[in-house]
Amino acid sequence: MAYIEPAPLLDKENPFEAMMSRFQTASQILGLEEEIYNVLKSPAKQVIVSLPVTMDDGSIKVFEGYRVIHSTILGPSKGGIRFDPHVNLDEVKALAAWMTWKCAVVDIPYGGGKGGVTCNPREMSAGEIERLMRSYTQAMMGVFGPDQDIPAPDMGTGPREMAWLMDQYSRNKGMTVPAVVTGKPIVMGGSLGRTEATGRGVMVSALAAMEKLKINPYKATCAVQGFGNVGSWAARLLAERGLKVVAVSDISGAYYNENGINIDAAIAYRDKNKGSLDGYAEVQKINGADLLTLPVDVLVPAATEDVITSSNAGKFKRS
Amino acid sequence: MAYIEPAPLLDKENPFEAMMSRFQTASQILGLEEEIYNVLKSPAKQVIVSLPVTMDDGSIKVFEGYRVIHSTILGPSKGGIRFDPHVNLDEVKALAAWMTWKCAVVDIPYGGGKGGVTCNPREMSAGEIERLMRSYTQAMMGVFGPDQDIPAPDMGTGPREMAWLMDQYSRNKGMTVPAVVTGKPIVMGGSLGRTEATGRGVMVSALAAMEKLKINPYKATCAVQGFGNVGSWAARLLAERGLKVVAVSDISGAYYNENGINIDAAIAYRDKNKGSLDGYAEVQKINGADLLTLPVDVLVPAATEDVITSSNAGKFKRS
Amino acid sequence: MAYIEPAPLLDKENPFEAMMSRFQTASQILGLEEEIYNVLKSPAKQVIVSLPVTMDDGSIKVFEGYRVIHSTILGPSKGGIRFDPHVNLDEVKALAAWMTWKCAVVDIPYGGGKGGVTCNPREMSAGEIERLMRSYTQAMMGVFGPDQDIPAPDMGTGPREMAWLMDQYSRNKGMTVPAVVTGKPIVMGGSLGRTEATGRGVMVSALAAMEKLKINPYKATCAVQGFGNVGSWAARLLAERGLKVVAVSDISGAYYNENGINIDAAIAYRDKNKGSLDGYAEVQKINGADLLTLPVDVLVPAATEDVITSSNAGKFKRS
Amino acid sequence: MAYIEPAPLLDKENPFEAMMSRFQTASQILGLEEEIYNVLKSPAKQVIVSLPVTMDDGSIKVFEGYRVIHSTILGPSKGGIRFDPHVNLDEVKALAAWMTWKCAVVDIPYGGGKGGVTCNPREMSAGEIERLMRSYTQAMMGVFGPDQDIPAPDMGTGPREMAWLMDQYSRNKGMTVPAVVTGKPIVMGGSLGRTEATGRGVMVSALAAMEKLKINPYKATCAVQGFGNVGSWAARLLAERGLKVVAVSDISGAYYNENGINIDAAIAYRDKNKGSLDGYAEVQKINGADLLTLPVDVLVPAATEDVITSSNAGKFKRS
Amino acid sequence: MAYIEPAPLLDKENPFEAMMSRFQTASQILGLEEEIYNVLKSPAKQVIVSLPVTMDDGSIKVFEGYRVIHSTILGPSKGGIRFDPHVNLDEVKALAAWMTWKCAVVDIPYGGGKGGVTCNPREMSAGEIERLMRSYTQAMMGVFGPDQDIPAPDMGTGPREMAWLMDQYSRNKGMTVPAVVTGKPIVMGGSLGRTEATGRGVMVSALAAMEKLKINPYKATCAVQGFGNVGSWAARLLAERGLKVVAVSDISGAYYNENGINIDAAIAYRDKNKGSLDGYAEVQKINGADLLTLPVDVLVPAATEDVITSSNAGKFKRS
Amino acid sequence: MAYIEPAPLLDKENPFEAMMSRFQTASQILGLEEEIYNVLKSPAKQVIVSLPVTMDDGSIKVFEGYRVIHSTILGPSKGGIRFDPHVNLDEVKALAAWMTWKCAVVDIPYGGGKGGVTCNPREMSAGEIERLMRSYTQAMMGVFGPDQDIPAPDMGTGPREMAWLMDQYSRNKGMTVPAVVTGKPIVMGGSLGRTEATGRGVMVSALAAMEKLKINPYKATCAVQGFGNVGSWAARLLAERGLKVVAVSDISGAYYNENGINIDAAIAYRDKNKGSLDGYAEVQKINGADLLTLPVDVLVPAATEDVITSSNAGKFKRS
């Protein structure tokens, strides 16, 4: 395989173009035929719906909802539903394509899809979110289905929203259809292990990389940016595999301990402290931005996307 | 009803914004509640599909197809399918909304929809167009339906394309479903009178306006821009109701006769002359642009849209 | 045909037994085979559903809903939905059978059905009634249908409730299905003439009876008990056919004028007077119970059912 | 948890009220919210159908059939179909609720349902029972389904009836649907182990209770009332686990042997002896009622329901 | 149009080949393209099913049933169901094609189909025929349908059989579907006029031919072979239009009256006389074969098919 | 079991009669009831369709396609689709019945079916075959289905054709349905091991026979006629189990080595040599017909069917 110039790294880019530039590079490396490339570059189906919802004050507000099926060649499409004020069609198209690549790479018989509603769930009551999700589900009855397209939680949605989706889909079908959605509550048929799944994926990938790079986990150090569900589980599971987690951070700042942070204790503290590490003892508070450039073997950026850019990529250090 | 400032006339505007500015004016005149306005301003459903088609040379070309359902409140949505290189989502959204307004105004139990495929049918073989239409139909199986959404011909499509659509829909349903589409060939269940329908609508509207303005048709003069299906039928039917058609035009130029043009003869000439009036005797050739400013009682712009603009609106003359 | 002892007249009876005793008499007169009698005496299908509804105060209240299909031998079953605190299965069964007899007698291709929900719509908000009707409709998706079972308004429901039913049914089907319900608002496809239909039926039956009894309508007198939708339309239409309506009554009392009451004026008065005739001039107020025993040719009991009983049947007088 | 007065033990009670009084007690112990209690106390759906069946003598007899879906919150409803002259709606409602509790308690993803037909299968020919079951199945096509509601045998029905149900359901669906029913013949896809399943459940429960009460099975004695499928399998399996079964009974009387009865031999005798233990050697015949008050560690009432009542509960003795 | 040699007249031919030779001639006359010819010469779909039926004596007999859909290009296929011992696939294929030609020639939006079961209904009880028809209908559920394929009575079936078909189809669909079959009893939605329809068609065709040949009906004579439903109605309706029917025949012989036979009286006689004209006065009995060669203007062969052959065609005489 | 005369061995027989004569013998041995025999001797459903396909030169050719469902009593029918010029209904009926017997004998929950199209795929382009397979699939939409009838490759079809079938079926259903067909490419969900499955079956059967006949595989010799997919895999797998394969043959001739042929090497040679063993060293070329009469323990006729006939059956020798 000849050397191929990688697609230029785009910071804060249009998400669809960003995905496409990476797909283009991959296509060249794979020597993908142009026709296959052309088929794969366009999502198979995009559906945009208008969702009038009665708000708690009796007024009717109209939301815009999306569902993009990028590909179902390898099986039903799979992908989350995002409730966020910044949701737009280009973002959903990009994320749907990423789902196709992800499912294909790990060789599971699913295609890629993604959905979203432009709304701010943090400013809506539970009743309003429920009515919005039920309305979105009714509008997507012909799109969703255990053998067609299977949603999941994403930014702004969780097991509760998936339960509403499943309940509404089941009512319309006249029977209980748990297979229409993943990420639902365990009591309704949800899968065990879903909570820690993303963090576990970080751990698995990091260990695989370390094996390739011949880094001994028991001698390795690690810094984790972000201490939400993904970051805290990644930290705990990496620590369980022997890594010394010397720094973690959240919105309140970054926390450092050169002898390793006790992650279970930190999680317990956070859970009692309204989700924040602020004030956690046993650690030294450092500047949040400095965490990224600590000399560690493993750096986990689990706070938000696009943290590693062309500006800062050169500054990272190995311990 | 208080006086309401009309929406500014936009030339060569974005078609969706142009529709919206008119809808906004109409809403104010009607005193439409804000919530109803909000519901109506967003199309109920927009579907965008990717259509890989095998071309005659064996290559695969990927087309983008659209179907917008603006509203089904009053019944199944109704609206044409446009095959044209300039088709885009904004145009289709605007045209779908226009269909809602048109059906509601004449009080027939249909809502509004519109579809299109970005392609140039003039550069495609019949086989390629057929495969594209069949692919588009398969992709829209969940959208179309006699009680859901009923397509029709539009720019770049006609009875032949509707026959392919109906055949493909029927095959997928496993039974003959003529009611899924209008504008199909008469032998397959198409309606009589469809050919002249648009021209007849022009005539009916013109006569209604003349009655309101107390213009006697038997003493009125008329100029018709465009001599295709719409223009020639409008001319013929207006002439049958007594108007003196003093000018008609087509791409070859404009033709004037102050004593009135014999429309049946002109149509017969055009049909023998490859569709053009070029060389038709009994008339005087004039500059095409001048037709618009002839002093006539009735001016029919049947060539293309957006002919009457803020620049030329002041120059029109009454006879 | 031999003389057959009529079924004893039961006052305030169990409605199903009351219907059955009449059906038994009719069967004997018709010489109905026992097997057919046995098939017809049992409703084909009875469905009882539990309907949890979120009330305006956030609490959940569970209602019981019914739908009884008595017979579909002659076509889809047809019959109203009653929202009333006294609704119960026996009543709904009786009313469903009555619908079978009524459709068969007038030879229209429909069977008989009836439904109801035990609730007090007078103590519920519009939102609560809407949520109840939508929940009831979802629970009956497999029962209702243009070719299966077609509901209609009845006590406690009207065009508004039918619109909710149609909307919910249509959402679940993914298309607009106006044919699933009658009695919907005219703008949604409802039939003209429905408002006055029951009163018109009273008039038609009365005139048919009079013709048989050789009573000249132009010389006949009439008393109407009840001045709601049925009574006032019956009075107006009988007056239009020449009868002198000498008495009408409502909850406020009975009103008498030996020269005949101007019904249009009385209706206009009622509409301005919160639905009551109380205080209407041109008439003499009499005791409500006395209306029934006035010496008239035609007595219309349009207030409530079971007004004519074995106790008072003997007291009615001909003018 | 505070002490809660148990629901009073009702003898020969209305089965629905009996179930409800136990559910009420359980709800109090669980601290169930009132709204959840209200939702669970009403069956989700009750369907009553009228079933005209041609009898062998050519006459038509009309039967009444029931199916009650108590809850599908945890999955498709599951429950038997009873053919018995005493079947009525209250009984079926109670049994459907018991199925919900049973599935939930053992945490399998099923809800609760039950069905029945009021008929006496002991007085019907195989052909009549087949026609009745096929008619019942057709009437319940919209209720049954592998993902909706899955019937099973119960009093008066067995594998043969389930085969008819499955065949009829499959014919109507146009494909073989074995998953619509359990308890079908093994050759048609029935489950192994179903015959002994209820008796095995008795053994498992008894051993669990003995472990809690610290009774050593190898030193325990047991009496089994009833020697049909349940009783004889319970006796055999308990004996296999070490218990000394000192008494068994059937309709011919009770049989005692203080050294333990050889259950395999007793079953073999019964199978040769037209299903009766009458005349079995090696045992001493005792009064049937006395079996209940034998001093044993384990008493298995496997003959009929409601054997232990407030009158006799005090008389049972421990060995 | 050039002269085309007619297809040779085949006596007692294979019905499919006979149809094909006529179709071939017609294709040549029409100048049908070869590809269209090839498409039309093969039936679109042929379905053969095996039908096990429980006979009255408890045994199971297996019948073979057919349904051939020749073409649905112009609409749902239409055609009868024949119950006859001689039914076979070639015959059904031929008859299905004839239905396509017949519907197309009279320009109604239907295609052609035909069905049959190889059985002898004259040797079966009503119950056996009912079970056979119900079994056949279940086997053809995916073929029949108001928008797909609509059966009708044919040899050996009538309104009773169509009622069974409609009832079984409706049960399987879960709703009353009268549109699935024509020729059902009028009380179930059958069409008026069906009884006399075939005879009326004979009359209409004969009068059209006479008009073309300039034969005055009021001066024309007629002989009718066969006095069943078709022949007697043809005779009655032709007589009503002025023709003198000089001869009729049935299985008992032929009857002649040179002054014309009173058809209404003959029908009345036949109906009282077990369906036979034997012994009818006012006529002269002649040899059955001689009827065909009577010198008449109109000869109606309404007894059986293939009566006019190459052997006797030359012997017919004009009056 | 009494001795039963085997059905006479028919060479080059009608395949349906050949199957029937064997089935009749088996029925007698099993003592099958006549009614069951009658049900099983007729295929449950036979469907014949006409398939117009546009050829590469633009012409339309009409093919005839078949699908026979012999039995679905034990589950969905299973069986291949044959594309071959000699396909006819009798052959497909026979093969469908064989599938029923095969599935039943190995006790898997499937019935038997078979399909085919009369065509010569060796003279058609890939595009023509694709269009034919898609047309056949559309015509069989109501027949195929994961719970109804599941096709597979057969003579003239392979994974590529199954992919087209699955794709077309999935498009028509609006979702990916891999379960509708077996033998599809592994990347689309095909089963591992399918390539060698038939050869493995030969090996398994041969070893079972040898065990019964007490032949030690490690001392046994074997000759394999045919070195395509079946023969070469059978040879390889038998060799792996210890047999000495002394002869193999293909269309180029037969090859002998008394010390055993190295099958892996022979396969590798064939794969490099355009599929032929011609010129393979290490072996002695013998006459193809002689292979059948070599004195070996195991003879594998893997070239074509009906190789062992009444003429040559007596000539085979044991080593």
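For clarity, chains are labelled A, B, C, D, E and F in written order, and residue numbers in each chain start from 1.
One rule holds for everything that comes next: a contact is a pair of C-beta atoms (placed from the backbone, for glycine too) under 8 Å apart; a residue touches a chain by one contact, two chains touch by 3 or more.
From a predicted model like this one, the values you see are computed outputs, not experimental measurements.
Engineer: Which contact partners do chain A and chain E have in common?
Structural biologist: For chain A paired with chain E, the chains in contact with each are B, C, D, F, in label order.
Engineer: Starting from the Cα centroid of chain A, hunt down the chain whose centroid lies farthest away.
Structural biologist: Ranked by distance of C-alpha centres from chain A, the top chain is E.
Engineer: Is the contact between chain A and chain F built from the same residue numbers on each copy (over half shared) or from different ones (under half shared)?
Structural biologist: Here the answer is different, because the shared fraction of interface numbers falls below one half.
Engineer: Can you check how far apart chain E and chain F are, centre to centre, with Cα atoms defining each centre and the answer in Å?
Structural biologist: Their C-alpha centroids are separated by 46 Å.
Engineer: Counting in whole Å, what is the centre-to-centre distance of chain C and chain F, each centre being its mean C-alpha position?
Structural biologist: That gives a centre separation of 70 Å.
Engineer: Take the average of all CA coordinates in chain A, do the same for chain C, and state the distance between these two points in whole angstrom.
Structural biologist: Distance between chain centres, rounded to whole Å: 59 Å.
Engineer: Taking each residue of chain E in turn, which ones touch at least two of the other chains?
Structural biologist: 142, 174
Engineer: What's the complete list of touching chain pairs for this entry?
Structural biologist: Going through each pair of chains, those in contact are A-B, A-C, A-D, A-F, B-C, B-E, B-F, C-D, C-E, D-E, D-F, E-F.
Engineer: Sort out for me which residues of chain A touch chain D in the complex.
Structural biologist: For chain A paired with chain D, touching residues are 174-178, 187-189.
Engineer: Quick check on the complex: what are the chain F residues that touch chain D?
Structural biologist: Contacts found on chain F: 72-76, 109, 111, 145, 147-148.
Engineer: Please give the residue numbers of chain F that touch chain E in the complex, ascending.
Structural biologist: Listed in rising order, the residues are 35, 38-39, 41-50, 52, 59-62, 64, 139, 142.
Engineer: Provide the residue numbers of chain E that touch chain D in the complex, in ascending order.
Structural biologist: The touching residues are 138, 141-142, 171-172, 174.
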